[in-house]
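Below are two complexes that have subunit A in common, paired first with subunit B and then with subunit C.
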Partner chain A sequence: MPESLPALILLGLALLFGAATIGATFVLGPKRPTPEKLAPYECGIEEIEAPRQRFPVKYLVTGMLFIIFDVEAASVLPLAILMRRLQGLGFIELLVFALILAVPFIYIWRKGAFSWE
Partner chain B sequence: MSDLAWFLVGALVKSIIAIVALLTAFAYMTLIERRVIARFQRRVGPNRAGPFGVFQPVADALKMAFKEEILPTRASRLVFLIAPAISVVVALTAFAVVPLGGPTAWGNSSIARAWAPYVADLNVGVLYIFAIASLAVYGIVLAGWSSGNHYSLLGALRSAAQMVSYEVSITLAIAGVLMFAGTLNMVGIVQAQAHQGIWFILAQPLGFLLYGIAAVAEVNRAPFDLPEAEQELVAGYLTEFSGLRWSLFQMAEYINMITASSVVVTLFFGGWTLGSLDGVFGLPFIWYFIKVAVFLFIFIWLRATLPRIRYDQLMRFGWQVLLPLSVLNALVTAAVVAYGLPWWVSGAIGLAILLIVAGAFYATARRSQPKAKRGAGQVMAAPTSVRLVADAPLPRSVDESQTTSVSASAGVK
Partner chain C sequence: MLAQSPFTYTPTGGDWLRILPELIVLAAVFATLLADLALPEGRKGWLAAVGVVGAIVSGCSLVYVNSLSGASAFFGMITSDGVALFAAGVILLSLGLALLFSPSYLARQKIARVGEYYVLLQLSALGMMLMAAANNLMTVFVGLEMLSLALYILCALPQTRLRSQEAGMKYFILSSFASAFLLYGMSLIYGATGATGIPDIGRFLGAHQAALSQGFGPLLFVGMSLMLVGFCFKVSAVPFQAWTPDVYTGAPTTVTAFMSVGTKVAAFVALARVFVIALQTQNAHWEPVIWAVAVLTMIVGNLLSVTQRDVKRMLAYSSVANAGYLLVAIATASPRAVASLLFYLAAYAVMNIGAFGVTLLVERRDGRGTTLEDFNGLGRRNPALAAAMAVFLFSLAGVPPTAGFLAKYFVFYAAMVGNQVPLAIIGILASVLGMFYYLRVVWAMYFVEPTPGVRPVALPEREPALAAVGAAANGAREEAPESPEIEASSLAAQAIPVESVLTSVRIRTSASSAAALVIAVALTLLMILFASPLDAYAQAAASALFH
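Then we have the complex of A and B:
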């Protein structure tokens, strides 16, 4: 029996629920739009410039770091599962892996990728 | 009916039960949270709708459903509509592999096994939860981006950076548990704890704390609720949302809290078991619910106690403290497991690391604070309404006016 089928069923039902709720927002509730109501919320001040402009590159750097280290984490998991069977070899492998990753980690730390002042 | 048919019917019914139960839990979590926080702040909280306010969630839901939904002109319509649904679908789906009891909770026949108290029994359960839960960032980022509002966009960007930063530590923090358990299967992890006769919190105190902190950040709860920091960003990515669409995000947040608590309970606290009391009919649910309720309370407790931390502190803490500690924890546990040392070795080393780090934090916090002797040559500049116990007794007239004003303000709700 496919193990993942129940998860898919739950996903399907959850999608149904989400779609039904979003659909319900069109039916329920009053609809009395005014231009002021539909304007972007700016605490009552008129908008000076459109959003969706350029934003700090820091966020992009964080995204790239995430990819590097999350791939690292993902490759540690199978090693973790097999640790008891691999014994000493597994530990040495994890140690080497961590040391290799420590080099770029220290480099980006020194480069100031983690400081947001 | 054949086994497969029973399996599918079971999965369908259990999925419906899971969704209804999660939504009910969400509704009552909002009430419990408001009541508990009110108690922390010496208020009463909502207690008017029904006895102890039990109908408050119903009233809230009805009010939300019949509010006007605003679709801002600047918003990109389709994405704006889909984003809340993504959040809640992801939150609901992630719960699929959380076990509320063992595979043989109702007996050992194949039909009883089809009704085992979890929706799916995936052999990659832990990975499934993290994979699905990490999709939650899409809901938030798309919501913020599609709103066409500065506050929303900034809140969403912050949230994205925060969630991806702490996700790395989450995955590494549980590596230690996986080494002890030797499986990614959620049921298997609980059974491994029962088999080895310990809860993995004992062998992994450091891993538990790292996972706990990262999980709070991952579900955007206080003190890591920066995406919705109201002093800076109005309501962050939620700014342009109203009515049911807004409540879908709230739903997602609370369901994520429940899932995070369930993961903690499963990985570190023996899931549905309590010593040998896991085979008795009905008891598995009870232990699971009690344990999860404790962690949900801790979520509320944190929110009532801690101030929100600053964004630069948040990012620095995530990358420079949590991540190295997670790797260290994984290495220590790897050494213990690989060389067949007893579990308490990793527990003791974990505690030692914890103490050292806490000491270092304490030392730096003390160093960064200016040295001032208490009360030496200082004039207390307290407002006149504040009276310290050590002060001279107040004149009688002032005393009376204060008591009357106190009772008057107590009368006002």
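Then we have the complex of A and C:
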């Protein structure tokens, strides 16, 4: 038997449990629909406009730019642990890494990616 | 002291020196980013100069890296062997030529975000160099993703042009799908052999032939098939070629020129490393498959090219056909064949970028106007441009003494010597078929009367274009930087004698485009002069690969 068998069993059980719970709710739960209950949900108040519409995704850009700093932090921390082994070359690599991040950072800053308009 | 493993390996200065060409391109990318901030709108063309300088310096550094002893770097993740350096040279040459064509083309097509265009073009070149230098399945994949991600955006860069958006979307979805196949194949190969390093896989398979026939065989074969699917997609080999014409036609022509060559160089070098080297011992299993794919690709690619009326689309199908000739070299799988593969890629780079270069100069401002009719009478309208196109097309068709002839000769010779005689014969017959559609363009340029009035022209720029033609016709040498053909045809609609228009209206070629054309023509025609040292280098590099 493969070593992954316990994991597969666990996976199967988890799927089964999830499906069983949802299925049981569906079958056993009482259903007393009213027009209000069937209307699209909007925080309890009556809907003002159609729920499907375009909305600005400005924070998408901010979110993507966040990755730069996220990855920077994730990569610099292990480097700090290894710094004693890496010696001077490691420090230079860290500086180069910072430079590689700094140039695009300057670019997006000057291009106005951080201004909220 | 810990045992050496990829996780505890400390890179030394020598490792960094071996990726010097890549680092220089990266530096040029940063220089381009910063220069984009400094340059005012309208002078962004200088960004191309930054890129060209980067490509030249990086090309010079190849000579230095070539002189270093030993090739492996970063714990065998990357190699700077002859094959990698040769491929890097071809990629840098393609990058330089594509950059030279870019400024006037981008201005004419009114493509915004010029700075990002140059950055992405160089980044994709960097990914290609990395993929060609990869000596580990993981670095192959990283390089592939790097080049693909940049190309997806480049294809869709003209934001208002529907065909480009379609091209970018199609390429993105289909290519990511193929990447997934490739990655899955790699993971299965890792599962079967316990290694991702290309030499390590080869060593394991050589030592464990018996073990493979039990148990691990199927894993290996499924992995091999999935990887082949991924690679065949990337090089647009036949069962997976459907995306090629649409993407190549929709993308900006400079991008098409670069990606048609660069992606092939990177993917074929990686394909050669993975199949011819790492899976050398499994040759009996993959050779028939690649044989069949090569035959299909050559036949279908050439047949579909024949039916095309649009030159840009015809060149897209012709790149499918060329992938077939390159697959012949992979199927032959000898050092000589790998050397011929490298030589073919070098020749293909200059002639194909050249042909696309002429096409993009003929192209109108709306991104259309590359049909055969648009090439009618080019020989009289712009003799220099037509002559250059004729050289590239003769070379693509394989007429001696051009680079294309030598390339085909080497590939088919290697196939003949390497016991692939049927493949060589099919290839030669297929390239005879290829003559037809390449030479048809030459026929249109020199032997067909220009018929400007036939195709109705409805362009918003009609008025300024007319004014420019009027000025030119009056003998004033003031030419607007717009495409020429609009003028010819809209004038004809005004019933002005065609002859006078044809003599006065020339297709405008900017200095940098002209330089790129001259370089491409010179290399296509003169490659025969330095063919033997080039081939000798490729042979040495390829035989080193096999040891």
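Note that in this section the second predicted complex is superposed on the first by the 59 of 117 C-alpha atoms of A that agree within 3 Å, B and C clash if a C-alpha of one lies under 4 Å from a C-alpha of the other, contacts with A are read in each partner's own complex, and residues count from 1 in each chain.
Methods note: a contact is a pair of C-beta atoms (placed from the backbone, for glycine too) under 8 Å apart; a residue touches a chain by one contact, two chains touch by 3 or more.
Keep in mind that this is a model prediction, so the values were computed, not measured.
Of the two partners subunit B and subunit C, it is B that touches the larger number of subunit A residues. When both complexes are overlaid on chain A, the residue A:I9 reaches subunit B alone and has no touch with subunit C. By the document's definition of touching, of the two partners only subunit C reaches A:P104; subunit B does not.
Using the contact criterion defined above for the overlaid structures, shared-chain residue A:L86 touches subunit B and also reaches subunit C. Look at A:S115: by the touch rule set out above, it reaches subunit B but stays clear of subunit C. Residues 86, 89 of subunit A touch subunit B in one complex and subunit C in the other.
Within the complex, the subunit A residues that touch subunit B are 1, 3-7, 9-11, 13-15, 17-19, 21-22, 24-26, 28-33, 35, 37-43, 50-52, 55, 58-59, 62-63, 65-66, 69-70, 72-74, 76-77, 80-84, 86-91, 94-95, 98, 101, 105, 109, 113-117. Per the touch definition, subunit C reaches subunit A in the complex via residues 10-13, 26, 30, 33-34, 36-37. Against subunit C, the residues of subunit A that register as touching in their complex are 85-86, 89, 93, 100, 103-104, 106-107, 110-111. Contact residues of subunit B toward subunit A in the complex are 3-4, 7-8, 10-12, 14-16, 18-19, 65-74, 81-82, 84-86, 88-89, 92-93, 95-97, 119-123, 127-128, 145, 147-154, 157, 160-161, 164-165, 167-168, 171-172, 175-176, 178-179, 182-184, 234, 239-240, 243-245, 248, 311-312, 315-316, 319-320, 323-324, 327, 330-331, 334-335, 337-340.
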